[in-house]
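In what comes next, subunit A is part of two complexes: it sits with subunit B in the first one and with subunit C in the second one.
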Partner chain A sequence: MRTFVTFIGSRLLQGVLVVLGAVIFGYLLINGAGDPVAGLATRQLTAAQRAALIHQYGYDIPLVPRFFHYFGGLLRGDFGQSFHSEDSAIGLVMHALPQTGLLVGVAIAVALAVAVPVSIFSVLRRNSRWDTGVRQTLVVMQGIPDFWFALLLVLIFSVQLALLPSIANGTPEAIILPAAALSLPLMATLVRIYRGEMLEVLGADFVAALRARGLGNRDIVVRHAAPNALPALITFVAVQLGWLLGGTLVVETIFGWEGIGSLAITAVQNTDLPVLEALIIVVAIVYVAISLLADLLLFALDPRIRVPSA
Partner chain B sequence: MTGQTITVPGGRLRRLTRRHGARWPGSLRVAVAILSGAALLALVGALALPDPNHQDLLAAFAKPGTGGHLLGADALGRDMLSGIAASIVTAAIVSVSVVVISGTIGVFAGILAGYRGGVIDAVVMRLVDLQLAIPPLLLFVAGAAVLGRDLLMVILLLCIPSWVPYARVVRSRVLVERERSSITAARLAGSSHLRIMRRNLLPATVKLVIVLGSLQMGWILLWESSLSFVSLGVQPPHLSFGVLISQGRNSLAQAWWVVVFPGIVLALLVLAANSLGDGLRDKLDVDAEILD
Partner chain C sequence: MGERMGLTPERMIPDYTRAAFLRRAAGSAIAVSSGGVLLAACGSDSKGGTGGVATAPKGTPPTKPTGVARLAMLGPVATLDPARKGDYQSYYTTEAAYDGLTNWSQDPTRLAAGLATSWQSNADATEWTFTLRDGVTFHDGEPLTSESVKKSMEHYLRGKGSYMGAYVGTFSSIDASDPKKVVIRYKDPFPDLARNMPWLGIISAKALTGSPDQIAKRLDARSAGAGAFVITRSPDGGTVTGDAFGAYWGAGPYLQQLVFRAVPVKSAQVSALRSNDLQWIPQVVPQTLSSLQGAFNTSGQVGWLQYMVNFACDLAPTDNAQVRQAISYAIDREAILKAVLQGQGEVANSFMPPGCYGSQTTNPRYDFDAARAKSMISRLGSLPTVQISYDPNSDLDTQIAQVMAQQVSEAGLKTIAHAINSAEAGNEYDPSKKRLFGMSLQQFGWINGGPFFFAPGGAYNLATLCRYRNQAFDALMVRANAVADSPQRLDALHVMQDFFAREAVVLPLFNLLATDVFSRDLQGYVTAKDGFGPRFNGMYYAKGA
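Our next item is the complex of A and B:
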């Protein structure tokens, strides 16, 4: 229990520091450079109008006092107003977040559902023609750009076969193509990690002991190697989530999926600074929350990390 | 330690033959074949092909192989093959620049942090942690919003997270290397710290850095084209695979070739970069685990 409390405590503290870092980083990046009113102006401004606009939005206050003002707002849940819509910055982000969550969740679930059995099969038949085939396919799959794959899917299933919608239209089928496009590169990476980790586990002493007891290859792989390699897979998904989310940027744009990726692109095109800042902060919080969740899951699944100094 | 472990069947054989310089790993041959093909195409494109931005409305949606357009033409009659050749040049500029810049920064930071330790080490490692905590997607998006969008900015933005792996890998290697008695001997013989870093530590990390750099190239190619695809990267009239594919996106229903061909070439290039990394890892005998 004691280890659990210190473990979670230190993780929480780290998480808070990371979020704080993201807040400061985002603030500096967005306020330290560029023209704050570029996104506000819809037409050519006179110098006086410009100055009035800058004053109205408080961009004439020096960087540091303005940060504390901004930070005070954050603590009250006030992330500022979007430059380009009637909504608050945080409202737009919170509206987009579940959409991306759904898409990424489905993509990860699909990728895992394919990657886990394929890896196990590949390890069962290791160094067979089948295993070599899987590994070579993976190398090729990792090189396929996801946005291009997404367009190929549209070309085949929407344009040629007219089976599935190429744009988010509210129907449940609309998630199939974007989720497929996101899960393909993910699948390749997951198989590589899981397969490698299982082979690692198979080299452990306890596996030799199992073999000595007369267990067959199949039992060892399925009942011992597969579960023992799972923590590595969970850690990988949690740690790499930020990189995996990169694909949502393009995939959401292609399919008109109104999530974080689309919102980010619109915000950049409109230089909508409050929305960008809110995005950075919310995504950092989600990121920290997910790695905390993964740690809890690992703690529950893997007794090895419960032993201090192990 | 790493030199003796043989995990691949046939590894011993490969090791023996390699000593005579006879055989290259298959992945290296694939990489060299694709890369020299791409270089040739880029050269032909620069010397002999029409300007990739030259519009010829009479040739709009020319099918592959018709009207002198080997890979067809897009909605404005621009030659796809020329576009692809120009994109190869952009891809090469971006990936090589990012690897060289971020590699130099990362190796420098890694050697300094590993060798001197203390405050320098703490600062470098906290910077590394911070980089790992910020999703690159947001970094690139916010960066593109603030810094602008052109070739130079794409290169600089991609460098921000790219130096981290070099710094980590080089630092952990240096932590091992600096305990060697050869370093103590060099110190006793009067070498300055700077000389030790340059003459003893830097050479020890070269192989690692080469493998890491080639593995990273594929990743950079994908990010550059993705950013350009969503108009956060290279902007027309400059061409990149992302720009080409995004231009072709709206005419997907009329002309499949405007999207399919650039994507195939991009995928081949990424495959070549990954195979180059894998092949060099085998050939230079670099421990695979340290890179994951």
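Our next item is the complex of A and C:
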């Protein structure tokens, strides 16, 4: 029998390898090309000053030894200093991460809160006009990018109706529009996946047996199909969570939301290499952690995972 | 320096009509990437859209600071240390907290008193004396003394990461023995110190004690100036808050609090202005400005930001003065100003913008003359292709460069526009290296209202940038910077510029209009003449707003 320890152990090992890969490839990609001093220096510097700056930050050392020096720093918790502000790179990332986490968390919670009942209702009313309408709306919603939604929401709710703030202003309601912009396209995908999974479960033999025993459609869908379709939904949400953490760039920029998306854009604009490197590593770690959490949840929910295959 | 200050004009927003929006919103899933346009065209400012300045409620400043104004920043603020203000938003947030010994007045030919009530130099500008104002207190409660000035100047020259050394100059000594008088001495003439002072906010001496790291950390977090607002920064610099300083020496402030928010996307700034989440946004591009003028106040100045073309005098064919002159005649600046800049500025007829000390408009000029350009170029025979470099991060730079390349090509000299990268840009600014591109389109800010880019040995010296080596010109330049402000100095500056113009080393293009847009409820704000530094001391909410 597959033990819990074996399961977690293998997942952890995979996670470590993923993070290690992110560290190595991230560093090589960012530092392997281009002018390393672009983010450090203005044109006011003379050639000698530029050379001194390159030496100060170690960019005159070849790439591979420089990487090992950097890796040693990482193991001590030193991610370097921002070129732009001289703040600790990891400090900036850890300040921004909860902001993005909050935004993404709210977006996913809202998306789930709508998607689950809509999916169940759509399955219960399968092939009705309502179900057809839902599916057609989903097609449209899935095709609209989040930044377009964002601007539309700002136009309607901030500019025209003056109901909600258009930028992050420190008030609780400032999260509503950016979270809505992120959750709307996601909602469509969640409905599609969950609905599809439930329909697949409804085709299983045990469902036929339940019908034969006289169980009504509503009971079958709500008490059997919906829970059995959850693993697929959880897996998808975990993947989306990780994707959203790195994919909120545009929405955060539009709303002035001080999360890792905005930080990433600023770091790119300022060629702030230490911050970019720190972002890649932290996002990789968070992604691995979320995947592990999702695996744990699945392990708890789905007994089939605990049973060794024949 | 202008580019480092982030003064590149923002992205243009193309037109988009209400009808097109309604058609698209009705059913399609086609992505629209011009949402900002959507907001510009369909905003709630259709009322009173005469295109002129909005009629805002009038009023007088309140007797005590009242209200909060939320202001846009182009990006996060890296530091509140005025010695390390390396971008535009750092500059104007620190401007709210730090006052210099002198200040700009709206009459650009005169400096106004700041923390010094009077100043003078000796004849050759090697010794400057500033008499300090009484009754000035810093944000930390310390009084203004000559020691504060001395320490501030040392911080600007030698402080950790300071960008501002060139503005202070390498002084040989500072005499702070009299607490109300500061004497700064130089080995070589430094005639522009007084007009550099608005950039050098005075810092409390107490805040400048400790190691460089301690000072930097202290100044990063909270201001220690004598300005109208005490500013603090959020950890990532995305928000800067300025609270009214009760012991401010000057007029104002009339607002209780300023909140600067980083909103890098221009369309987001505009929508936030429309929804009243922001009350002030800076440097609005011409295309957006026209849609805002009906419902918001605007303030614009043709200031000291200037577009120019720098020729490479060490690279064929622009090493030939006749080629440079011909190219200058081939460029139709009026047409570019109208088509690309939408008239937001004026054609520059002098090397230094109007109001700068030494500016003159009687230099030899190269007004557009296509026929003359063609004739000159054809007489010069076969010439190699010219490349004009530009900053690809700026849409305006891109368009201007491409139009100029086309105009010069039409005159018979093949010219192509080249998007410059940072390594190439480093080469162009390194005087030990040959120029790579025959022409370079740049935006310069004449930041001290004086001959900043004609200072010998300066990193942005125009002659050095152009690799223009001429002993007679160099002698003129030294002469123009070897005496204090005087008719003699003015004469030297004028002769120097005439020389430069005849040689067509640089072609000034446009003096830009910097326009800020703000809420109709706000009064008392005027865009600074220099075009760089907004000041919020005099801003207030009209009564009843």
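Here are some notes:
The criterion applied here is as follows: the second predicted complex is superposed on the first by the 298 of 310 C-alpha atoms of A that agree within 3 Å, B and C clash if a C-alpha of one lies under 4 Å from a C-alpha of the other, contacts with A are read in each partner's own complex, and residues count from 1 in each chain.
Keep in mind that, in the parts below, contacts are C-beta pairs under 8 Å (C-beta built on N, C-alpha and C of every residue); 3 or more make two chains touch, one makes a residue touch a chain.
Note that the structure is predicted; figures quoted are calculated from it, not measured.
Contacts of A:84 after superposition on the shared chain: subunit C is touched, whereas subunit B is not. Once the two complexes are laid over each other on the shared chain, residue contacts for A:22 go to subunit B alone; subunit C is not touched. Looking at the shared chain after the overlay, A:155 reaches both subunit B and subunit C. In the superposition on chain A, A:130 makes contact with neither subunit B nor subunit C. Look at A:279: by the touch rule set out above, it reaches subunit B but stays clear of subunit C. Contacts of A:71 after superposition: neither subunit B nor subunit C is touched.
Applying the stated contact rule after C-alpha superposition, one finds that A:206 touches neither subunit B nor subunit C. In the superposed model, A:4 lies in contact with neither subunit B nor subunit C. In the superposition on chain A, the residues of subunit A contacting both subunit B and subunit C are 34, 139-140, 142-145, 147-148, 151-152, 154-155, 159, 253-254, 265, 269, 271.
Those residues of subunit A lying in contact with subunit B across their complex are 18, 21-22, 25-26, 29-30, 33-34, 127, 139-140, 142-149, 151-152, 154-155, 159, 239, 241-243, 245-250, 253-254, 261, 264-265, 267-269, 271, 273, 276, 279-280, 283-284, 287-288. Listed in rising order, the residues of subunit B touching subunit A in the complex are 9, 27, 129-130, 132-138, 141-147, 218, 222-223, 225-226, 229-232, 241-242, 245, 249, 252-253, 256, 259-260, 262-263, 266-271, 273-275, 278. Contact residues of subunit A toward subunit C in the complex are 34-35, 38, 42-47, 50, 82, 84-87, 91-92, 95-96, 139-140, 142-145, 147-148, 150-152, 154-155, 158-160, 162, 165-170, 253-256, 258, 262-263, 265-266, 269, 271.
The touching residues of subunit C, counted against subunit A in their complex, run 1, 3-4, 25, 27, 29-33, 35-36, 38-39, 42-44, 70, 75-76, 78-79, 86, 161, 163, 166, 216, 220, 234-239, 261-265, 267-268, 271-272, 274-278, 421-423, 425-426, 429-430, 432, 459-460.
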